[in-house]
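Below are two complexes that have chain A in common, paired first with chain B and then with chain C.
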Partner chain A sequence: MTTIPSIARLRRPGSLRRRQTITAYTFLAVPLVFFLIVRFLPTFTALRLSLFDWNILKEVQPYVGFANYDKLLHDGVFGRALVNTALYTIIGVPAQIVLGLATALLLGKIRKLQGLFRALYFAPYVTPIVASAWVWQWLFSPQFGPVNTLLVWLHLPPQPFLTSPSQALATTAALVVWQNLGFQVVLFLAGLAAIPRTYYEAAEIDGASGSQAFWKITLPLLNPTIVFSVVTGTISYLQLFTQVVNLNFTDQGGPLSSTMTVALYIYQLAFGRFQTGYASAITVVLFVIILAITLLQLRFLTRRVDYG
Partner chain B sequence: MTTQPRLTTETQLVPPARQRGSLTVLAYVVLAVGALVTLFPFAWMVLTSLKSFQELFSLGFWPQEPTIANYSQVLTQTKFLTWFGNSLLVAGVSTLSVLFFDSLVGYTLAKFEFPGKNIIFVLMLSTLMIPTEMLVIPWFVGVSDLKLLNTTPGAYFSILFPGLMSAFGVFLMRQFFESLPTDLIEAARIDGMSEFGIFWKVALPLVRPALSSLAIFSFLGNWNAFLWPLIVIQKPELRTLPVGTALFNGEAGTQWGLIMAASSLAVIPVLVVFAFFQKQIIEGVVLTGMKG
Partner chain C sequence: MKQVFTRLALMTLALGAVSAAVSGAAAAPVTITYWQYDYASKVSTVNDLIKKFQAANPDITVKQENFPYDAYSQKVASSVPAGQGPDVVNMFYGWLPQYVDAGYLQPLPEKDFPFKQIEANYAPMVKTSKIGGKYYALPTAVRTLAVFYNKDLFKAAGIAQPPRTWEDFISDAGKIVKGTAPRFTTLGFGIQPDGQDYHVLREVLVRQFGGQPYSKDGKTVAYNNEAGTRAMTFYTDLATKYKLGVPNFFPGNNSYRDAFIAGKVGMIIDGSFAVNTIKTGAKFGWGVSPLPVLAANKQRGNFGSFWVNGITKNATGDKLAASIKFLKFMTSEETQRTWLANVGEIPASRKLSGDDALRKDPVFGPFVYSLPFASSTVFVDEAGQRKAWVDAINTVLLQGNSPANAVKAAAASEQKILDEYYKK
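The block that comes next holds the complex of A and B.
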């Protein structure tokens, strides 16, 4: 308090800093209010609602403590939704990364038509999700779908796909992968282009094989792209909703809850059965899961690669 | 043929010495098959939409007697064009708002020194992990309490308010403004330009590529938004395209010709826009991936 202010007065950075602070907070005022009201307060409201037997249709909303959380421990549909959501993520994220990287590597091998192929693969990503889901339903229709027509033509048995509890989830995951593939391809093409060619030239001089170059150069140097893809992919798969609803519109999450996701179950509880308090408890659990998985992925997947 | 990392459309990843003729042919074949599989759903959608109800279940690929009856039925029975307009309005307003506010916040966080700067950035970024499902319940309680759904402007506001700003955009714009030389801003300051003028006339034009990629992402995201609009839209004439299409298709039952016509109407304009701007759109996405 004795020396610092005198130096500060000498160089007069105090007034500049104060002006900067005032300008900054003027610019940030509206966005801060937005984030507070539209993102943060609702998060706390959801936490609060989860402690009540809250029902939009009723007059009284009694406080029930952790009863909603206790209830979901014994809720079979919630358990099913949780397992399904995990399965979607475990199938979808690796599938779209492997296919995306493989396609990007193939695109890197060709000279002509690269731009055309890239655009064709990207088209599903810009296609409205709802419309794609209905087309998917029709493609995989057990009686009239062209996929089964193809299977029969190949002398293979036709499959029930979305009407079967054991195949519906995989068929749904396939739709999401089809939609996301182009985005992954574009991401990996950019990641690959950023790897200096000199590394490959050096590896070739040292007599490294193509697969050695892939595992020792390509994959480690793609780490930032892979981490980005894993983290954003996981967050979106954990919130899977639109595709599931539109693939089985009359029996959403069916058959027999086999495609039910946590997000869809929350929607049904809150807006179909008006069990707002209970649904809020599940949203809190989903939030904790997303938070934990994202932090773990960032902690364990990020590698510092320095080949300088 | 440069060793610099580039964001180009045509990427030559393998040195010519490495290329083997037969391998290249194989790459073309695999890519072509993949492209056919990728595009088949679009072809099947359009071809089915041109079939009559009688022909629908005949399993043939080409429609024997192509008809546009399904299209005229969708357009007369539904408010399809209104839904299209609603989606344009919602996605358009959200995108403009995101472009303005996210770049203003990104610029402030990148180019100003002030107490609380880092905590504000971390807090905004952390909202990316809040699932939409967690927010929609309080949002719905909020718009109901405020009786926003009783008036048309209030209802439109209710549909689009969640997308007016995005943490992802803030992150993206901050990254781009950080790489902007501070000298330019200092020079403008010495010239006596207002702080907002510096942002608007000096800084913003220099990050135009970032703005266009943010615009693409924001527009796509809001154009596809489904969960919240499904919950909040009460009147048929306020439906957005995804909500309208889903509810119409749900009612159509087994009339797949109608469902495919409605889907084609939702898909084809988007694909036409994409065909024209595919280079810019894809490069915008690349830019985002590299900075993210």
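The block that comes next holds the complex of A and C.
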């Protein structure tokens, strides 16, 4: 008997919408709870751990205030990792966007075998990173690598690549760019397809050149795609890890910390040397950096795009 | 009189009841867990050993659990705060100080493992398992380093014997090496600072040049001096001055060993743990020879390392009793013999390693020969201490740093790690 009033209420106008809202929130609650437990809780735990001299192998975890952050300021390897991570981002993000856009534009011109080429460019993205890293090591092996063989054949001096502290970072960045290229191409192909053909037709009638059409139509209208690429690309470079580990497995981040990234350093401190508190402090710093950069990028790169 | 008899009878009854209770407790079935990393021959050998142990102790069941080598230390470490994990655990001796500190391991009871007996029976390096006057773990097998040499390349270069001295080592390797950096085709010496070489430099060369790597209590680095500099100079000269080889000759995790197996390297320095891999891989004649000495003083040296079995704080009551039994079994001479036959690691027992047949074995002989004078480093932060040395060597090899400055830098960063550990 008690159910009658509620049924009556549901029959009122708007009650269907309310029920739908409740259903939606109920379903959303599941991933929300999941995210709270798996993502946000550990993040706040890291914040707390960073104030302790936390070592998972110790029974006492003394509170040390900001001592871990103070230690960061004098840690040469952390400084190196920070600079390296910035370098990876500065080299990698523009390189993969320019190459990705160029490849997408060229693929747009091809009529035959377009699907095959797309698949070929996408293949590195779905290849396991560890496998790619191994192939990369052999390609760039100073002794046996085809790259050096080519250089010698061209009468150029062979290079040490991954074994040199000054070249290892660039060689590593090249691998990441090569891997991400396929994904960038797919993004830009979708972005290009979204631009209405009528704009190009109008420009052609007005006598615009190919380069004018690119700079005045294609590039501005690709802005949302580029912003997306820059933001996701930057975040992924700031979290760079797997490639670095596997390109020099016995001296990870080496030689001489020249390829060390912040993420790898966090891992080494927390899981190799069990200095969880100190690693948490670095995690917090990395989190703040990523947050700040992302907010800045969204603020300054986003423009309203009207496809008409 | 009667009273006395009654009393005696009562006492006997009581004793009987107590002993019945005790044996009753021991007879209750108990399951203990054993952890070691995933290495095919070790896993299967332990499975066989467990079968044998269970047959002799029908009331005890041993469950073996394995984890990948690269994740093993994390797995063990993360089981500590969780209060979970095995009763008997296999760990690298270099991790012991940290785990003993964490209260993770129980000291081995002296009545079951008399210290005097341990010290008389085991290779001297096993003393690094004694912390604060107590033994916390014992090995089944131990490993030392030696020179692996390619007999075919030696023959082709007209060299009759493996080198006894470092001077011969340099001249032999010089005859074998082909090509120049960075396009070598064959190396005389497969130099690899982050392989076993940094152990050779720290524990062998520093001593051979008249120094000591650490103070007696292990709390202070002692190589930041003439001896340390000479050792660093000697080692880095192998690549920079004599150009006998180059690090990372082959890409990959075991660069120098893979290159040796491919027949592209005259000599490498590697541990007895590499014997099986090289035996299966190398398709040419190869031999093993003890680490060279300096012609001037002929002082021998070696770096010993080993994996130990210890009992964790999880084992209490019946589980503790069962764990002690299992540990005794795992470190028994019989098990050590099985281990040598199936895993190919040399026995930790002096008596077994002193066995004539083993000493004369062409492959294991040189490793066994080195046991009496092999030293083990007491690591407090293995990863950190390793990086200090590898980076120091690399500054010389890759950036032209002076050996004296490199040794100074290694000493500074390693001392910092030691200070942090011993500060309490």
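As a convention for this text, the second predicted complex is superposed on the first by the 275 of 308 C-alpha atoms of A that agree within 3 Å, B and C clash if a C-alpha of one lies under 4 Å from a C-alpha of the other, contacts with A are read in each partner's own complex, and residues count from 1 in each chain.
Criterion: a residue touches a chain if its C-beta (ideal position, glycine included) is under 8 Å from a C-beta of that chain, and two chains touch if they have at least 3 such contacts.
The structure presented is a predicted model; accordingly, all values stated were derived computationally and were not measured.
Of the two partner chains placed by the overlay, chain B and chain C both lie in contact with A:249. In the superposed pair of complexes, A:57 makes contact with chain C only, with no contact to chain B. In the superposed pair of complexes, A:301 makes contact with neither chain B nor chain C. In the superposition on chain A, A:164 makes contact with chain C only, not with chain B. Judged by the touch definition given at the top, the superposed model places A:134 against both chain B and chain C. Between chain B and chain C, the partner in contact with more residues of chain A is B.
Legend: residue contacts after superposition of the two complexes on their common chain; A:38 is shown touching chain B, with no touch to chain C. With both structures placed on the common chain, the touch criterion links A:271 to chain B and to chain C. According to the touch criterion, the shared surface of chain A, contacted by chain B in one complex and chain C in the other, consists of residues 56, 134, 138, 143-144, 249-250, 271. Chain A contributes residues 56-59, 134, 137-138, 141-144, 148, 152, 158-160, 162-165, 249-251, 254-257, 268, 271-274 to its touches with chain C in the complex.
Against chain B, the residues of chain A that register as touching in their complex are 17, 20-21, 23-25, 27-28, 30-32, 34-35, 38-43, 45-46, 49, 56, 103, 105-111, 113-115, 117-124, 126-132, 134-136, 138-139, 143-144, 146, 149, 178, 181-183, 186-187, 189-198, 200-201, 204, 210, 225, 228, 232, 235, 238-239, 241-242, 245-246, 249-250, 262-263, 266-267, 270-271, 276, 279-280, 283-284, 286-287, 290-291, 294. If you check the complex, the residues on chain B that touch chain A are 3, 5-15, 17-19, 23-24, 27-28, 30-31, 34-35, 38-42, 44-45, 48, 56-57, 59, 61, 101, 104-105, 107-108, 112-115, 117, 120, 123-124, 127-142, 144, 161-162, 164-165, 167, 170, 195-196, 199, 220, 223-224, 226-227, 231, 241-242, 245-246, 249-250, 256, 259-260, 262-264, 266-267, 270-271, 274-275, 278-279, 281-282, 285-286, 289-290, 292.
Listing the residues of chain C that touch chain A in their complex gives 73-74, 77-78, 80-81, 98-99, 101-104, 182-185, 192, 194-195, 246-253, 255, 381, 383-384, 390-391, 394-395, 398-399.
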